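Going by the order they are written in, the chains are A, B, C and D; count residues from 1 in each one.
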Amino acid sequence: MSFNVFGHAFRFSTWGESHGPALGAVVDGCPPGLPLSEADIQPFLDARRPGQSKYTTQRQEPDQVRILSGVFEGKTTGTPVSLMIENVDQRSKDYSEVAKAYRPGHADYAYDQKYGFRDYRGGGRSSARETAARVAAGAVARLVIPEVTVRAWVAEIGGDAIDPANFDAGEIGNNPFFCPDPVAAKRWEALVDSARKDGSSIGAIIACEATGVPAGWGAPVYAKMDSEIAAAMMTINATKGVEIGDGFAAARLRGEDNADAMRPGKSGPEFLANHSGGTAGGISTGQPIFCRVAFKPTSSILTPVPTITPDGEATEISTKGRHDPCVGIRGVPVVEAMMALVLADQKLMHRAQCG
Amino acid sequence: MSFNVFGHAFRFSTWGESHGPALGAVVDGCPPGLPLSEADIQPFLDARRPGQSKYTTQRQEPDQVRILSGVFEGKTTGTPVSLMIENVDQRSKDYSEVAKAYRPGHADYAYDQKYGFRDYRGGGRSSARETAARVAAGAVARLVIPEVTVRAWVAEIGGDAIDPANFDAGEIGNNPFFCPDPVAAKRWEALVDSARKDGSSIGAIIACEATGVPAGWGAPVYAKMDSEIAAAMMTINATKGVEIGDGFAAARLRGEDNADAMRPGKSGPEFLANHSGGTAGGISTGQPIFCRVAFKPTSSILTPVPTITPDGEATEISTKGRHDPCVGIRGVPVVEAMMALVLADQKLMHRAQCG
Amino acid sequence: MSFNVFGHAFRFSTWGESHGPALGAVVDGCPPGLPLSEADIQPFLDARRPGQSKYTTQRQEPDQVRILSGVFEGKTTGTPVSLMIENVDQRSKDYSEVAKAYRPGHADYAYDQKYGFRDYRGGGRSSARETAARVAAGAVARLVIPEVTVRAWVAEIGGDAIDPANFDAGEIGNNPFFCPDPVAAKRWEALVDSARKDGSSIGAIIACEATGVPAGWGAPVYAKMDSEIAAAMMTINATKGVEIGDGFAAARLRGEDNADAMRPGKSGPEFLANHSGGTAGGISTGQPIFCRVAFKPTSSILTPVPTITPDGEATEISTKGRHDPCVGIRGVPVVEAMMALVLADQKLMHRAQCG
Amino acid sequence: MSFNVFGHAFRFSTWGESHGPALGAVVDGCPPGLPLSEADIQPFLDARRPGQSKYTTQRQEPDQVRILSGVFEGKTTGTPVSLMIENVDQRSKDYSEVAKAYRPGHADYAYDQKYGFRDYRGGGRSSARETAARVAAGAVARLVIPEVTVRAWVAEIGGDAIDPANFDAGEIGNNPFFCPDPVAAKRWEALVDSARKDGSSIGAIIACEATGVPAGWGAPVYAKMDSEIAAAMMTINATKGVEIGDGFAAARLRGEDNADAMRPGKSGPEFLANHSGGTAGGISTGQPIFCRVAFKPTSSILTPVPTITPDGEATEISTKGRHDPCVGIRGVPVVEAMMALVLADQKLMHRAQCG
């Protein structure tokens, strides 16, 4: 059973492969009357678009989105919003090498085991190209939660972390790494460049914060906001870990240090800390929602790796082509999109039950 | 919108609060003809049961499970299996303090914000007591996947990790910490005891491994096995992080070090490493499924913490009562249960689509 | 894949068999703060309860409901409401005959084909006893939609229909048939009695009306209110047909006769007719929601019917025991419950999307 | 909450409006390895296509389907199959009249009440044009169930029913009414023509039979095959009633006449009748699945009908344009598609639970 839908009240599904004619998303359950045009979506696709610096893949995709349904006279009608992005740069590459050997770290072997065969052109459905469709859907989600600001950044590349003291949100858009620390951004140039030149790749950690989420979204137990966020982030290609709030570091704190103490504030309760990442018992507390997501290094590398052929013979493979030396970088708009999609859903779900 | 169901083809839902008359789980979609009696479930509940050592809460709950439906002449019929556990030790405690102030780290404030009021007796639905129902459901799930062995352990307590060189699965049941490293287990006695005596608490990291999962379970994109596992683990009380395979450490590896190279083996393909934790593209590879889960320190501590009353007045609270100094310890059977529940679902979903 | 959950935002699931220790329902997604006690539920169970007249089965079940979770200090908490009804009158009947031959019209053969075996005691999960759990859940649903009045009645028994000219809602509770036409009720006494004495059974048509549903509930296409109602009614035992509004009779009208013309009214738009049964395009119009449900004659009859044994041998079977000569009669509270459950869900779903 | 997905294991969703640039369906959960090209889908779209006789609307739509994803080298990959049909004949009609008054029988008023406004061009999402997308999805579903033959026909138009004695499946394709009775087909020419000339419309009843369904598909209670079929059919535009097997007529039979008696046959059990329409307890019996669906007369008629404007003023409306005098006729391929979609889902669901 494959399923390609995410969400409960506000839902989206995506379709399409790396080398098919197009890919897209269908957004369902969107509230009616929201002003929506391609111009609301395109900037987020542009932020994710490859080929914008030498630190990302040189594949050239304009990623122009078209709205095919669900909008009338510039407003959402409450019916499905179909978004389509044509694949333009399907370079007539020779994929015979990928067809003949499993790329370690990729889904090649697993797909063959599951389905009996696979679309080997650029990874087919397992390509990170699918994330363009999420980013488009995420732009619609943002319109559902105007009270919320979602912002992600790269917090660490190849083990080199930003210095919290240098954090400046205004810097995120000023460098090719979505890095809020200009000093680290400078260091990362050499780091990423060196991985690229070595025919290797490096991983990254993305942080994401959503401010403006009121207390009360989310729900107990199997609908915990933590669980929804974790599920959402772990559907993104190359992700291998998720933390909410302090995450694994919380496991090293004492109870009194981890508790987010409260006191009366000028406009309601105030918290003295946000170790929890803005949730308690799976429900938002009114503090910023905060999570971190681990991206493994890009699996497509020039460095040869031992592997087998579909017939079980030993061989090795080096993946040529136009790949991201650090796939995590372009994960930033994707993480933002998933956070917006989760929160739009949470808002509508809360409204359903609690009015 | 609250939802209390988990899974797609093999599903379970739970109900019940800490201080109600009972709690339970309903398992739906279970294959027919599986031999099932209370004796298949009770041992797992016993492993989770409180009050078995001085390192866990002294609340005494026999946690006797009753099967109320879905079994005929000792075999599952394919219809819902209803499991009930009565709450016995509902000590007539005075909860007026909890009613009068929000316990930091707990869901008290969030519930009040969401629902307008809350069941303050022992945390109500947000109590870790709910996990007894999962453990019961998980025991049924295990019968669906006899080819799989699921095993979890505590890998770290209060920042003190086991030594992989000492790992001995046979030790897990030999100490009150589900610890596979007898040397660490010894150290943890003092560690946990000290936290308890201080009126404080400490966190833990649980590791879980499932062997015997064939290649091909799971599915791409929004049905990734990684996403399902992450969602499952993050529904457990006190969890704040999940890693699949190397998790956050993968973000610090180079591509060639992270790739799980392959070679022909005696009985099919062999992998030279398992950085991925047994999945690729969200689909199992045939390697062991491996994840780690971060548990924050117990929020119920004797140490007073500043907080507010429901009326917004400043106060402080210290949570008296019988609490786990390290709630992560009893998380071990719960993590195992969730892994079994995810995998049983994955097996049936794979069968649905791929025959 | 069995599934035993109904609904989207307001959901319920049921569990239990005819001859197990108990059966129950879990209501999930219920809004918080609704006053709820067993006294809100019991009257509806009493209306469905067998053994109240000679026209229904003589099985004696007190059908006392217990609320096991989700209520605190008399109000729903927003967490799952678990409802349990113990089976008391599990007469130690000899079911060997049912074990040895398939009862035509019953699910015996189909269950064996699907599951490989079956719980033959009183039909197991396929018993109409399951409907007690729905009726309990339906009572909770009613509290979610206080603006709506749901009322069902028997419109026809054994081909003998009520006379619309005699319709008097006040009569429904005055006879053992839920019949709004006192003249027809009189006729039905003989009709049902004769079927019973013949060891036979007869069918019935139930009508159900919900008034007070505002315009705008429901949704287009796959979420049409018509579709939800049809699905709901066709999950009830013995139902074989559903009509919304004029139903099949609409297929015999001309367009201008079927159109529900409108005109301005004192307090908003008025309709000149309600052929549509209160929906247009799957969305409520503000007119009463109206449907009709066909119940086949009870399959358990004394009259012998040719059949086969599980081994494929020819035999015949006559079903002894305490059966309803017209199972449709006791369907009235069940149809009402399902309508209330659908509408509670529709209300919350509308609120989710449209605020 | 709108939802535009149908199915559980084999699912499809549709998007698009009457007058947008395109409409489409996404089929998810499709088994891998099925040969699929546009040529497998187009014939079913052609059968539904308007403008093929004077008895249907004269709108000219080529309804050419394009497969945008999920197929590689001519076979389904197990990932979403995206199907798109461009809207070509969006005649630049003047819709100001529809904008200014609610068409009785249409969803105009209900949409406005739900969403606050509506896409009035050709009904927007509520247009029967949406059914093209279902028919495309249904063609994929047929490939999943090669063992099953699905066939629908018009059984009655404007109250004039076929004579069962004349039933000849071979005739269904020989007349513009999908009528298996050549004598009735002749009569219907005048009947439909007269409705058209009068500026009126008439209703129809469609029958559908699926042969080859093995015993054991479907499931008890809320997953009954009867419920799934009823839900599916009632999502189609203009449907107001569904019967399984004898349907409402079963409510007029005695128990012994309604029971489908069994006897041993040459190749397994045989039934002496099929009053049940191929299901018992919601599970298939191996007999043909049979249902009937009532279509109301087309709501778009030239005959003026009293109505109101969005401002609540009295007016009347006559719907000019190219409309089907009997929308039920073109419902035949749609009913077939929905039956195939339900059964493909049932097959995979059965496989999930029962292997």
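We adopt the following convention: a contact is a pair of C-beta atoms (placed from the backbone, for glycine too) under 8 Å apart; a residue touches a chain by one contact, two chains touch by 3 or more.
Bear in mind the structure is a predicted one, so any value in this text is a computation, not a measurement.
Two copies of one sequence, chain B and chain C, touch each other mainly through matching residues, since over half of the numbers at the interface are common to both.
Ranking A-B and B-D by contacting C-beta pairs places A-B first.
Chain geometry summary: the mean Cα position of chain B and that of chain D are 46 Å apart.
Centres computed as Cα averages put chain B at a distance of 39 Å from chain C. For the pair chain A and chain B, the distance between mean C-alpha positions equals 26 Å. Residue positions of chain D touching 2 or more other chains: 1-5, 9, 13-14, 29-30, 32, 78-79, 114-116, 125, 219-221, 348-349, 352-354.
On the side of chain B, the complex with chain D involves touching residues 9, 29-32, 78-79, 219-221, 348-349, 351-355. Considering their complex, residues 1-5, 9, 11, 13-17, 20-24, 26, 28-30, 32-33, 66, 68-70, 72, 75, 77-82, 114-119, 121, 124-125, 348, 352 of chain A touch chain D.
Those residues of chain C whose C-beta lies close enough to touch chain D in the complex are 1-6, 8-9, 13-14, 102, 104-111, 113-116, 125-126, 130, 156, 158-159, 195, 200-205, 214-224, 226-235, 237, 239-248, 250-256, 258-264, 268-269, 272, 275-277, 279-286, 294-301, 303, 305-308, 312-314, 328, 349-350, 352-354.
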